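Heads up, the next two complexes both have chain A, just with different partners, chain B and then chain C.
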Partner chain A sequence: MRKLVAIARTGLVAVLLHPLRSGATLFCLVAVLTPYVAGVGVARGLADAAETSVRMGADVYVTGVRFGRPAPVPLTLLDAVRGVPGVREAFPRIVGEIALGSDHVPAVVVGIPADRVPSAARFVDGRMFASGAGNELVLGAKLARKLSVEVGARIPPFYRNRSGERVSKVVGIFRADLPLWEANLVFCSFETAAQLFDQEGFATSLLVRCEPGYRDSVVAALRRLPAVAPSGTEAGPVTPIVTTRDDLRALLPRGMAHLEGIFQVHFVLAFAVGIPLLMVAAGLGLSGRRREAALLKATGWMTDEVLLQGLVESLVLALVGASTAVLLAWAWLDVFNARGIAGIFLPGAGWAPAFRVPFRLAPVPALLGFAVSFAIVSTGTLYSTWRAATAEPAMALR
Partner chain B sequence: MRSGRGPALLLATAIALPLLAACVVAASGPRATAREDAATFQGVLGGLGLGAAVDLSGCAACFDPRDGSACSGRHEPVPLGSFFCPAHSGG
Partner chain C sequence: MNPLFEARDVRRVFRSAAGDVRALDGVSVAVPRGAFLAITGPSGKGKTTLLALLGALDRPTSGLVLFDGEDLGGASEPHRARVRRRLGIVFQASPMIERLPLWENVTYPLVPRGVRTRERRRLAAALLERVGITGRDAARPEELSGGERQRLGIARALAGKPEAILADEPTSDLDRATAEAVVGLFRELHAAGRTVVVATHDPVLEAMATDTLRLG
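Let's look at the complex of A and B:
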């Protein structure tokens, strides 16, 4: 046992004896592994944020279609939905796109009834909008920064409405460490959102929460609802479409796995290019390694002892390289907010995201990174060592 | 470094770095207050956002398919047409 420990110690010495070879190998490992660990971390963080969105959302979403395409839901459907046994609450929501400012900054308007919103929340600087107080808006952090507005700012009319336009007031700004979908948000009351889009009497969806144990019966009843025509217009009926939380949960892994999968494919390609580089780096001191092995054999070392020395050297390099990659990936994501890599996963995030990029480093990619780096480094080291160790020492030294 | 302390220091580094990395992996992700705020935020809005887009200008479905939004970046029935949408193709 003491002999094995002594041989293992020579593996550590071998790392220090060849600083150029060890340094080049570590550099290659870190360069290849760090983007991989960081990228998978962002994908996992995004999946977690989406899971929270599904979990805390409504049990059922009722949207509409006309001509087989998405269409606003008439509010006349709301009473029918509320009348279904087992429905605890149902309320309308508007989600739509507008462009703000002279640069036409894209923003996402979300309007829900003001009585469902607390007056203040920890994640808002300022306050939430009030019921019947006119166009009061709560803006996302990124949007507020882009528009250079602060709490209390007044925004001149930026929309067209048949009944006239009003000045809007910014009463709150979301904090930047909320889920990424707040970045470009304009959160307001349902009435304000309806006025911004000049769509009185419509919602983009109805959100339904069910009594415990009633969800299946509520979904079945909602799916039987007939098509509804909007009141006061000549437009044809809108057919309700029901989406449950389970439907969204089924959708979630598919979308996230797709994104993560595409990143993995890119990474495999990058890794394929990196492997020869790593092998060259690991065998950088090939002549030195051959001479070293021959000297050890000439002084009485067995081939397996020489290989054990190489194995320990590889293990140390892989451990240090993979761990450094994980630590650098964490710094990249946490300290530098995923600069550079966020845009791969989040279109529109740009080089330096103005919102907190979600991430979670998982043990599996870190362990996988270590296993792959150990396999590659040991392949590069052990093969050249074995070739030298199995040759005649005199031949190898020559 | 080639003296007796070099290998011991390297061994200590080879043990400490993986332990530190394991701690970082275990502690990564949003803090408890941020998780709580995110849950409250989603509860107030009724659940918003499900994909990788941060606004509706690119792919509305990738921002949130709950509102029946369709992907505007797909070019089907062109073969592999769905991959032209930057929100779906990850680019």
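Let's look at the complex of A and C:
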């Protein structure tokens, strides 16, 4: 054991003995690993935020399809939903995208009853919007800052529809635990949202909360509801689609995995390019390594002892490289707010996101990064060491 | 009793793009324990090659190289490494691990033998003193003169308490005074009962030898 520890120590010393070789290897490792760890951190952070959103939402969502494509849900369906035994409450919601202000800042409008605004949104200024079509808006703090508006400000023209042009008033500003809400969301009454999108009599979804223990029977009953034709129009019927919170939870990882998967494919490509670079760096100074291995063997070291030294050297380099990459990734995400990488996962976030990008540095990607680094560095190091160690010492020393 | 080293009709051919080079062609020699063999001859006649074969640093193209009666040419690599641990080899250019301090260089061969660092430092200090390099344990090999490097190489060869010393041109490129100091060391080692094999052009070393093998 003492012998192995002594050889391992020489591997550690070898890292310091060859600063150029070690430095080049570490540089390549950190350059390849840091974006990977940071990217996965953003993906995990977004997944957490989405999970929180789902948790704060309803038990069941009713949306509609026509021609197999998403379609607004006629409000005439609401009474049928409320009539299902076990439904505690059901209310309509409109979620849609608009561009605000003269700069056309993109925002997501959520039109819901005032008493249904999620508890995660906390007022920092102003008040809640009034019921009815009062054109009153409550903005996320970051969005308000981006638009340079305060409570009492008017946003002209907020929209144009069949009733004419409307100017809306900012009555409140909120903060939320979810940074994306602060940066994107506008809350308003359901009626205001219906006018804004010129879709009166429709909702994008119906949110249903169930009595305890009734969820399955409610879902079964809702799935039996017939297609509903909107009143007052000649449009065909809309078929209700029922989605539970669990369904969303199941979809969420798939959606995030898709984004993460795309990122990972890019990363694998980057790594494929980096591997030869890393191997060259790890095997840098091949003649020096060859001569050193030959000298060790000539003075009585065995081949496996020389290889063990190289293995420990690789292990130390991989460990230092992976740890440095995790530290830099943390700095990138926390100090520099995922500048440059958030846009991969959040279209529209741009180079420098205006909101706090959620992230979570999980141990698994860091460990995976370490394992991959170790495999590559040890391949580069051990291959060159093995070639030197298996040659006759006299030949290698010539 | 077996000779410690023996070569029987040894040939060593180096293959290269320019054609085969016969470094040794049918050389035979036996070195009894405690002997002092000087291998002499003009440059390029295979002195270094024969020394490498006897020291288990290379394998012959044909013929037998025996150490203590065992064939080295066909032996496994671990067995050959174990043989090398019984030998002290002094190389012509005294290659060192340049960034390691002298004491580490001297006792690096002892690392895989599990000798403690403290013991290695103590042994290195004693060996360095013995070869005339005192108080510079922490210096780097690059700070040494040619003669000092050669003596450092001898100190390293002695670190493992070898049964035999193989030295390749240990006094070449040294001034007379330094060369005499090195010769003195070999005299001491031989007097202490060690088998010594030296490839040399140095008439002083040749004169000290109990046997001489002339190549070429």
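As a working rule, the second predicted complex is superposed on the first by the 333 of 398 C-alpha atoms of A that agree within 3 Å, B and C clash if a C-alpha of one lies under 4 Å from a C-alpha of the other, contacts with A are read in each partner's own complex, and residues count from 1 in each chain.
We adopt the following convention: contacts are C-beta pairs under 8 Å (C-beta built on N, C-alpha and C of every residue); 3 or more make two chains touch, one makes a residue touch a chain.
Model, not experiment: these values are computed from the prediction.
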Which superposed partner A:70 touches (first chain B, second chain C, both, neither): first
Touched partner set for A:27, first chain B, second chain C, both or neither: neither
Partner with the higher number of touched chain A residues, chain C or chain B: B
Which of chain B and chain C A:214 touches, first, second, both or neither: neither
Touched partner set for A:386, first chain B, second chain C, both or neither: neither
Partner chain(s) touched by A:184 [first = chain B, second = chain C, both, neither]: first
Touching partner for A:336 - first (chain B), second (chain C), both, neither: neither
Which superposed partner A:205 touches (first chain B, second chain C, both, neither): first
Partner chain(s) touched by A:17 [first = chain B, second = chain C, both, neither]: both
Contacts of A:301 with chain B and chain C, given as first, second, both or neither: second
Overlapping contact positions on chain A, where the chain C interface meets the chain B interface: 13, 17
Partner chain C, residues of chain A touching it in the complex: 2-3, 6-7, 10, 13, 17-18, 291-292, 295-303, 305, 390, 392-395, 397
Residues of chain B touching chain A in the complex: 1-2, 6-7, 10-11, 13-14, 17-18, 20-22, 24-25, 28-30, 33-35, 37-60, 62-70, 86-91
Residue numbers on chain C that touch chain A, as the complex places them: 49, 52, 55, 57-59, 77-78, 81, 84-85, 89, 91, 95-97, 99-100, 108-109, 111-117, 156, 160
Of chain A, residues touching chain B in the complex: 9, 12-13, 15-17, 41, 45-46, 48-50, 52-58, 61, 63-65, 69-71, 91, 93, 95-97, 106-108, 110, 112, 116-118, 121-123, 142, 174-175, 177-185, 187, 204-205, 207, 241, 243, 248, 251-252, 255, 258-259, 262-263, 316, 319-320, 322-324, 326-327, 330, 333-334, 344-349, 355-356, 358-363, 366, 370
